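Going by the order they are written in, the chains are A, B, C, D and E; count residues from 1 in each one.
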Amino acid sequence: MYIGRVVGHATSTVKHPSMKGCKLLLVMALQGDGRTIEGDPILVVDKLGAGKGDMVMVTSDGIGAREMLGCKNSPVRWTVLGIRDKR
Amino acid sequence: MYIGRVVGHATSTVKHPSMKGCKLLLVMALQGDGRTIEGDPILVVDKLGAGKGDMVMVTSDGIGAREMLGCKNSPVRWTVLGIRDKR
Amino acid sequence: MYIGRVVGHATSTVKHPSMKGCKLLLVMALQGDGRTIEGDPILVVDKLGAGKGDMVMVTSDGIGAREMLGCKNSPVRWTVLGIRDKR
Amino acid sequence: MYIGRVVGHATSTVKHPSMKGCKLLLVMALQGDGRTIEGDPILVVDKLGAGKGDMVMVTSDGIGAREMLGCKNSPVRWTVLGIRDKR
Amino acid sequence: MYIGRVVGHATSTVKHPSMKGCKLLLVMALQGDGRTIEGDPILVVDKLGAGKGDMVMVTSDGIGAREMLGCKNSPVRWTVLGIRDKR
């Protein structure tokens, strides 16, 4: 689990059926200084309505992802856990 | 599992219901020299009462996290296992 | 889960039986600038028909992989989730 | 799974009950040259009796860890698999 | 899952009983150029007969490892999936 900023999203017509209707965000991790973001973007399924520029809490738990998508055989692992409150 | 220092916390109003009432800590890893901390902060759920500056033992086990939260469908993975004794 | 480009494939005669008939792609991760790819290639099972040069969404979920392969004891973890639409 | 050297241990009074009586080792990974160790220490539960300076085989499997600890809800993931024979 | 070269093996007398009779290989990852290998060696259980110098496909799936070893409580995670065909 970490905190990152939404830097964009991805679209895919050919995909696993469990992702139908899901928003796929590209998220980059918050660095140690607590302000800059860096690294490779991770692909994250969002059901909470996060948008570009939001700071989000993301997790890699596959069991929780399957519950969230209501699909027992989904291969999705990364999902948005929460949207960080603005300070 | 690793040892790290609590460097802050995060708050989130829009979040997965299983995290209601949980404290979300930002933890940075202890480095090889056994004293300095560095790297990107990891987001960790705490039920043991760790505070800023404490050295904590953290783990990424999702099954254990779901037991700790009493919620079978939580996507939480990282939790505080223990607070390291001060020397 | 991340986005990467298919840079090649691998063949193997001596292998786990659950991978029979599967295409094994070598995928390199999209970098933070959203254009270049870099890093070590990951080995990914594909059932969606991705080819060399395609941008694909990949995941490391073992439970989803076993469903995709129709094999309860497969040790496969990385699979292609979707093919990113061309812009 | 990797091979590393035991560089110390950690103690914790406030901890998850499943770790009661367990030795918590700090282990650093063997590098590519097969001799030096480096990187950040990982925290590993040991039931095999490894001591400081020993080369150990470590694994991150949570299901195996729960069996080893005899506790279905333990969040422990990293355990000592074996002690490498001295050459 | 990735492709790597077998650079050696490890032996251990004191170990988890599920590993009895297993060959433990040290494998280093294939780099982005598709020819050189680098990084820290990973410890991998092999049942396919790979030898030093072979290019192997390796995976970190614990459920598949337990099936391969015929042992429900093994903490092993990394296994050899296949031996890459020589070109």
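Going forward, a contact is a pair of C-beta atoms (placed from the backbone, for glycine too) under 8 Å apart; a residue touches a chain by one contact, two chains touch by 3 or more.
These numbers come from a predicted model, not from an experiment.
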item	value
Centroid spacing, where centroids are CA-atom means, of chain A and chain B in whole angstrom	19
Chain B and chain E, separation of their C-alpha mean positions in angstrom	31
Set of chain C residues in contact with two or more other chains	39, 62-63, 65
Chain contact graph, described as a line, ring, star, complete graph or other shape	ring
Going from chain B towards chain D, every chain in order around the ring	B, D, E, C, A
Contacting residues of chain C [partner chain E, same complex]	7-8, 10-16, 19, 24, 26, 28, 38-45, 62-63, 65-66, 72-78
Partner chain C, residues of chain E touching it in the complex	1-3, 29-32, 34, 39, 48-49, 57, 59-65, 67-68, 79, 81-85
